[in-house]
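This structure is in structure tokens; I'll ask about it shortly.
We just call them A, B, C, D, E, F and G in the order they show up, numbering each chain from 1.
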Amino acid sequence: MLILLAIGYCASALAPLLYKRFRENFGWIAVIFPLFMFFGFLARYPQIAAGQVIRESGPWLPSLGVNFSFLLDGLSLTFSLIITLIGAAVFLFAGAYMKAYAQTGRFYVYIGIFMTSMLGLVLSDNMLLMFVFWELTSISSFLLIGFNHHKESSRKAALQALLVTGGGGLALLSGIILLYNVTGSFEISSFYDKSEAIIAHELYPAIVVLVLVGAFTKSAQFPFHFWLPNAMEAPTPVSAYLHSATMVKAGIYLIARMNHEIGGTPLWQDTILITGAVTMLFSAMLAFKQTDLKRLLAYSTLSVLGTLVMLLGIGSKLAIKAFFIYLIAHSLYKGALFLIAGTLDHETGTRDVRKLGGLYRLMPVTTLTAVLASFSMMGVIPLIGFIGKETVYKSILEVEYWGTFLIVGAVLAHAFVVMVTLFVGFKPFWGKMPVTPRPPHEAALKMLIGPGVLAVLGLLFGLFPNFFIATMLEQSAQSILSETLSLKVSIWEGFNLVLLLSFVTLLLGAVLYLVREKVPGVLQISLPAIARPSVWYEMTIKGMLSFARMETRLVQNGYLRNYIIFFVVTTVFLVSFPLFRSAGQITMVPDFSITFYEGALAFIILVSTLLLVTSKSRLKSIVALGVLGFSIGIIFVIYGAPDLGLTTFAIETLNVVLFVLVLYKLPGFLKLSGSLNRVRDAVIALCVGCTMTLTVLFASSFELSSALKRFFAEASFPDGKGRNVVNVILVDFRAIDTLGEITVLTVAALGVFALLKLRPDRRK
Amino acid sequence: MTFLLAVIVGALYAAGTYLVLRRSIVKVIFGLIFLGHAANLMIFTVGRLTKGVPAFVPEGAEMLTEPFADPLPQALILTSIVIGFGVQAFALVLFKRAYLTLGTEDLDKMRSTDQLPEERL
Amino acid sequence: MNPFLFNILLAIAWMLLVGDFTAGTFVLGMVVGYLILWFSRSAWKETKYFSKIPLVIKFVLYFLKELLIANLRVAFDIITPKDYMEPGVIAFPLDVKTDVEITLFANLVTLTPGTLSLDVSPDRKTLYVHALYVKDAVRFCDELKEGLEKRLIEVMR
Amino acid sequence: MTFIEWSVDISVIIIGLSILVIFLRLVIGPSIEDRIVSLDLLSANAIAFIAVYSIQKKTTTFLDVGIIVALLAFLGTVAFAYYLGRRGRE
Amino acid sequence: MYSMILATASRYLLLLLLMFSVFLLFRGHNEPGGGFVGGLVAAAAYALYFIANGIEAARTIVRFEPITIIAAGLCTAIASTLPSLVVGEVFMKAVWIDTGIPFVGKVGTPLLFDLGVYFLVLGITLCIIFSLAEEDRL
Amino acid sequence: MSKIIMLPILLPLCTALIMIFFRRSVALHRILNVVATASMLGVSLVILGSVLSEGILSLQVGGWEAPFGITLVADTLSAIMVVAAALIGFTTALYSLGTIDEEREHYFYYPLLQLLLMGINGAFLTGDIFNLYVWFEVMLISSFVLLVLGGRPQQLEGAIKYVTLNLLSSSVFLAASGILYGTAGTLNMADLALRIPLLDHRELLSVVAVLFMITFGVKAAIFPLFFWLPASYHTPPIAVSAIFAGLLTKVGVYAIMRFFTTIFSYDGVSFIHQVLLVLSSFTMVVGVLGAVVQYDMRKLLSFHIISQIGYMIFALAVQSPLAIAGALFYIIHNIVAKTNLFYLSGLIHRLKGSWDLREIGGIYRFYPMLGLLFLVPALGLAGIPPLSGFWAKFVVIKAGIDSEHHLLVGVALGVSMLTLFSMVKIWNEAFWKDDPRGEGGVEDEGYLRTPTMKKAATIVPIIMLGFLTVVFGLWFEPFFKLVDRAAYELLDARNYINAVIGGRS
Amino acid sequence: MIEILSGVFLLLGTLFILVSAIGILKMPDLYTRMSATTKASTLGIGLVLIGTTVYWQDIGIAFRAVAIIIFLFLTAPVAAHIIGRAAYFGKVPLWEKTKIDQFKERMEKADK
């Protein structure tokens, strides 16, 4: 499977080259790849259906427990088949749809990478490996949403999707790491037996929350749903593929996959149930206001995603069954409808439902496909969507306590979905035909095959549910619940409450449609900003940016003094901790014996320091500096360091020369700082001084036994051939110090040279 | 004298700190020089003081006998003095060029490289 | 001055510095001296070599005497509270001609307490001297001319 | 205490006193030239101090420092004068 | 600000100072001094000459580009580390040869190193001073 | 074999020397620079190889045994860092060929680059604290000069802050090493590692440790000591910014790593780890917040350096073997990715004539490969798998979670979101957005006219580093083993001490 | 005996140094201070160095002392001259009791 994925990535990388060759016919070439994979997976079907699980593993980062482990069971096979099948439809469709775009080659690269990564995601048996693919799908989604990158809205939507899913990804990553810490492994299959241990662990709640945040962001559950409608900025094939059929189901896949391992607790089930239900209802209601074909579909997708999550939250056998049928049904009809929406957009130049109508005469095949897919979506017998909805209702009715609420919500949500379907699947084709930006005509074959196949499959699945779904269902449920699920799927179960609910749903949907069409101004009703998570997102970003701006302006304010104050205060503050902690332990007996000339020297140093600090004349300062330097030189001489004395004198003198050469160009001192600042600086300076004085006193308060001192004294003459120990240290014992030091001098000289000679005002 | 030197070191540090906090670039240079002196003197003091006995092996002797001034801090200070000389020379010229090029000696007016784009008009 | 002689002088100076009077030191001194001379030869214009050693000694002794006297005089003035000074800036007409002579003269004047050479006029004919005790400008000039300058010219020519 | 020790001690004190006195002039100025002259004189006194100190500590190694001080103090003074000259010209 | 007295004196002092700098260099291994101080004093000599006679005169008398002197010094210093490698010893291990010549005595790579330092310090100081002095003229 | 470890110091020095001698021949400089950095890369790989096969290498310079002479030591950490330095040196050498103007080349650009590398290598290899100070100074002064080379007003202004704050930190370094000698009586790192646990005067050692933390903190640009970095890093030519961004701060991090594992690892300095933890979170946050509001690409990237230093420091402060390994890999990854991003921003500037993201755009449309080349380091930096940054982030986060620093992990994750945000900002503005000045632009032609060789010299380093980012990501195992080994060496100083001092201890 | 001689030289020298120090404090203007004191201290240092030489009785020390004296005698007057000149041109005021200033007269004449 690793090889398969590698081929996938390579093939994606080759897309632009091939595209250049084939141009018009590239769609036909491109479809080979997903179809090949589809049939490849299909070939495994008997094996999986027989209850086998295919596992492959190879090392990647054994030290960290990350392996190329893949797992093909019912669940992953179902997803793989959906991914590759819809992939094939989309690839073909895009061949025609993307003709008008400039960068179709790149489009295929991204979408190829996406498909491969999505496959990797559902096939991974290693959590971290899965996470890698997870992030890759986010990135390819980002690149695809922003495909129309000249539009600011596209760029914004891409960023939004990336941030929301990326943020969730980080939560997921943390969850994965916690899971590792609990189980000692990243291998999903190894969690299987550790379920109880995980649930009992104190980190369990954190794991659940983190994993679910990851899943919810990816699958656009409330309150993270807002990125998905905005993602409709992407070209329609992308919306059909990533943002309806596959990628958004990754989160659901994750929940399903982890259901046995970390699920089953009230925390897990209730969180999923409530989030799913809220998403289902809330986003369906939001669809009411939409006029854009794709946004209408997007909100209905959200609702369906919510339903799917809710079903997992119910977690009963029936719910899992409903989950599966609904998942497949949705992938088929929504993929088809999205592509049809794309066709309409492509042929008429608009996606506004208010401007579409009466197209059935010009686009008969499209109309037929649309009707078929729409019936499935509305849940009309005998399509798969009908079975899906029936099972959903049935499973909800089983729920205790919450059941009534949930069923009302579900019916309401589905009514909105029906309304959406009426707008997308019927309104454009019937009725009056308004003038559209482009004169419409029937779509190209490439654009018809994909949706057509999906729609027809929806019908076939509905007619022969057991042939297509049942076995798969059992194996998949095995993966989710680890129980066998022998429930027959049947299309007709007689007149019962569920059927009644279905009728109610359809009726309500029609009412909603009519209300929107006939009641003027109903579209103007809007939610308060505070109730819209997308506004939260905007506010977070804006707030973050203005906080960042304020903070940066405050901290990186350009005043060198403030930087230095930060530096100095931090130093003093941190140093004073150990210093004062040690205050009790100091047994300091400083040498207070001070001779007259030492006192005089100290006096001179202190006074000239004061002179320099208060000086208003530059030359006076230099004189004071000279006195200071010479005094320090004398101190060196007094305390047995004639070499230091020599060097100090020489350098002080040359410093004076340099100062003199530089200084007459510099301005006289101006009194720039205010007196308050000066007081503050003086206080800081005094703190520094006191700290350093204390440190020196403390550090010199005890005997120092240095083996180095003894060694140098002994080795200097016999081994170093010199009586001046300091010099021997400099040119022999520690000669490499000196080597570095002369390098510093060299560079300094080169620097001065370059500074003075290479100047912009002297450029030719 | 250790006490006195400790006070001197503290005073030099204080003066150096005070000076580098000025707005005039010339004063900042002085401050840096002060801090250099302070650090050197600090190493010297902390390396323990020995009065009047430099580390020279006397004629005729093979090695030094205690007491003698520890030569290692001296070598370190020497290195740091010389490095300091080079670096200070460079800094001095840099500050001069900055003053001449930017036309101000007021550090508070040298903020353009830090400012956020909105502020710079 | 003959460069060779100067080289020897430098070598001797080297021995003085080293404090070691052996042939080896001398040779090394010659080498060092030669290198230094070679290194700076363009600064070195040919000048006359002086050979009047007795005169030099006499001159040095004279100068030391003057130095001591002047020192004591100024010292007295400093220690006592009363000021005896009558300072002034005098234009002294120079008889010495060459750079070296003028420099030497001016320096000796400065070395003598109570007098300070301020500047040499651009035409090199006048030395401006600040002096502590100027009762009379003309007499001051004469004393200096007859004393220090005359002896210096003797030595130098 | 021998005479030489006594005289060395006295000398050190006298030199120290002188240095303080000269330093006083350096502090009060008033002209920058006054300060420069004081600095020059201070370094000269430093030489004397080093010489006496070498007797006190019975080490000869310090005298080389004296030579350096003598030579370099001069350079310093000349540099200051150079500055004053340029300042006048600018 | 040309002073004839200073100019004349500086020529003599130049020689004396250079002499003294070499003295410091050679005595450095046994007495106070060494390459650094030596180089600094030599540089001081030229600095004095420059102040007294102007930058052109000083450039003439130095004869070499300061940067060449730097390079030469650095080269010498690095060269002094090479014998250790030739002999097959550790990097920068001192190699000594007893010349037998009085006063010169033992010659070793540390002395060569010191010589390199001397030239380097000289070159660097000159480079800085000359660049600064030439700045306003250009 | 251990003799080879002086070459990373000697080689650049000799190269610089030759360049200074023949300073008028710029062509020679260019060739030498590339050849020298390439051979340095070779040498450093050999060193790494021998460290891996023979264990820690140490060299007593001048033949004076430790702790009396100065030791050069190459343990795994040092060897890795030297390789990284050589790599960045080499790529920058190439990149400079394409981007540096001839005037700068005439004024010692290449020798300065060599000496900068010499300082960096010296800092990585030395086993002596004062010697480390010296190499820091070599590195610093070279960086000063490279920073101001060209003398433009912005450069000078930035340099004033850079120079002043770094000199202050040097002064602290000096004082700290002085006190350390005054306390412990030795400067050799191995000797210190041996003695410090036995010493009295613990509090004094803590003072020393704080001072070292401060000085290295300035070099590493941690909060609140980083201000010099955003003030200056964007002012020099981009090749210089790139090598600074890649290497300089990492030397500081290296030093912190070395100090607070090998040398100061007794419990008396545990409060420093606490301090570092707190500071690291501020560093991460303040850095990234600074970045998100910038529009100048170089400034944006500069602030990111700080933020990522925060990550490294965080990992260091956690101190577990995994954390140290993570920090180390983070350093390596960051060196590669960050340098590459600077190269890329330089290329973008070449193409579009501006650093300001608001003024440019449309690159993606015409240069898709450039887009790809940008995405690799940018997404790598943001920690997107399977690029290098992901593993770096993953290991650090994992170490943080393992040691139960949950709050800090949260901060780190939030910061990584903002990193992604700002990387996408560059992408959106420079690549996706249309050029606000219309199609093409004058600058494009300017770029098109540059000779192919120069273009190649600009692109090749970008490809090389991008390739590495991918390789680190896809083939992380050997690199993880490497940093893991380094981490274990660091946390158990016995090997280090043995290699330096030998049996005498 | 030698030690006593040396001590005398030292004391004498330091006395001169003290005098010059007092001089520089006491004298009324820069020029009088300079002409009065710089040399006084030269002599003082000379004496101290002679004292030192006498004490050590070592040829090396002697010549070093001589070297210092020579250097001082060479440099001190030049230094004084150069400062005095700078001061004069820099308009450092003369003491009000200064009787004559021929320099100024000449310069004014030249200006006309």
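Just so it is clear, a residue touches a chain if its C-beta (ideal position, glycine included) is under 8 Å from a C-beta of that chain, and two chains touch if they have at least 3 such contacts.
In this text the structure is predicted, and so the values were computed from the model without any measurement.
**Student:** With a step meaning a move to a chain it touches, how many steps does the shortest path from chain D to chain G take?
**Tutor:** Steps on the shortest route: 1.
**Student:** State which chains count as neighbours of chain F and simultaneously of chain G.
**Tutor:** Expected: E.
**Student:** Taking contact as defined at the start, I'd like the list of chains shared as neighbours by chain E and chain F.
**Tutor:** Of all the chains present, those in contact with both chain E and chain F are A, B.
**Student:** Based on the averaged CA atom positions, which chain is farthest from chain A?
**Tutor:** When every chain centre is compared against chain A, the largest gap points to C.
**Student:** With chain centres taken as the means of their Cα atoms, state the distance from chain D to chain F in Å.
**Tutor:** Roughly 49 Å, centre to centre.
**Student:** Using Cα averages as centroids, what's the distance between chain B and chain G in whole Å?
**Tutor:** 33
**Student:** Cα centroid separation between chain C and chain F, in whole Å?
**Tutor:** The computed centroid separation for chain C versus chain F comes out at 62 Å.
**Student:** Just the number, please: Cα centre separation of chain A and chain D in whole Å.
**Tutor:** Centres of chain A and chain D (C-alpha means) sit 71 Å apart.
**Student:** In chain D, which residues are in touch with two or more of the other chains?
**Tutor:** 15, 17, 19, 36, 53, 61-62, 64-65, 67-68, 71-75, 78-82, 84-88
**Student:** When you check chain E against every other chain, which residues touch at least two of them?
**Tutor:** Residues 1, 3, 5-6, 9, 13, 16, 20, 24, 27, 30-33, 36-37, 41, 44, 47, 51, 67, 70, 74, 78, 81, 92, 94, 121, 124, 128, 131-132.
**Student:** List, in ascending order, every residue of chain B touching at least 2 other chains.
**Tutor:** In chain B, the residues touching two or more other chains are 20, 25, 28, 38, 40, 42, 46-48, 51-54, 56, 72, 78-79, 82-83, 86-87, 89-90, 93-95, 97, 101, 107, 110, 112-114, 116.
**Student:** According to the definition already given, which pairs of chains are in contact?
**Tutor:** Between chains, contact exists in these pairs: A-B, A-D, A-E, A-F, B-D, B-E, B-F, C-E, C-G, D-E, D-G, E-F, E-G.
**Student:** Enumerate the contact residues on chain E facing chain C in the complex.
**Tutor:** 3-5, 7-9, 11, 14-16, 18-20, 22-23, 27, 49, 53, 57, 60-61, 63, 101-104
**Student:** Where on chain G is chain C touching in the complex?
**Tutor:** 16, 19-20, 22-23, 26-29, 31-32, 34-36, 38-40, 42-43, 58-64, 66-67, 73-74, 76-78, 80-81, 84-85, 88, 94-95, 97-106
**Student:** Can you check the complex and tell me which residues of chain A touch chain F?
**Tutor:** Of all residues in chain A, those touching chain F are 59-64, 102-103, 106, 128, 131-132, 135-136, 139, 142, 146, 149-150, 152, 155, 158-159, 162-163, 166-167, 170-171, 173-174, 177-178, 180-181, 544-545, 547-549, 551-552, 555-556, 558, 560, 562-564, 566-567, 570-571, 574-575, 577-579, 581-582, 585, 692, 695, 698-700, 702, 704-709, 711-712, 715, 732-737, 739-741, 743-744, 746-748, 750-751, 753-755, 757-760, 763.
**Student:** Please name which positions on chain A make contact with chain B in the complex.
**Tutor:** Interface residues on chain A, with respect to chain B: 549, 552-553, 556-561, 564-565, 568, 590-595, 598-599, 602, 605-606, 609-610, 612-613, 618, 621, 625, 628-629, 632, 635-636, 638-644, 647-648, 651, 654-655, 658-659, 662-663, 665-667, 669-670, 672-673, 681-682, 684-686, 688-693, 696-697, 699-700, 704, 706, 708-709, 712-718, 722-726, 729-730, 733-734, 737-738, 741, 744-745, 747-749, 751-752, 755-756, 759-761.
**Student:** What residues of chain C sit close enough to touch chain E in their complex?
**Tutor:** 10, 13-14, 17-18, 20, 22-25, 28, 32-33, 35-37, 39-40, 42-44, 99-100, 102-103, 106-107, 117, 119-120, 124
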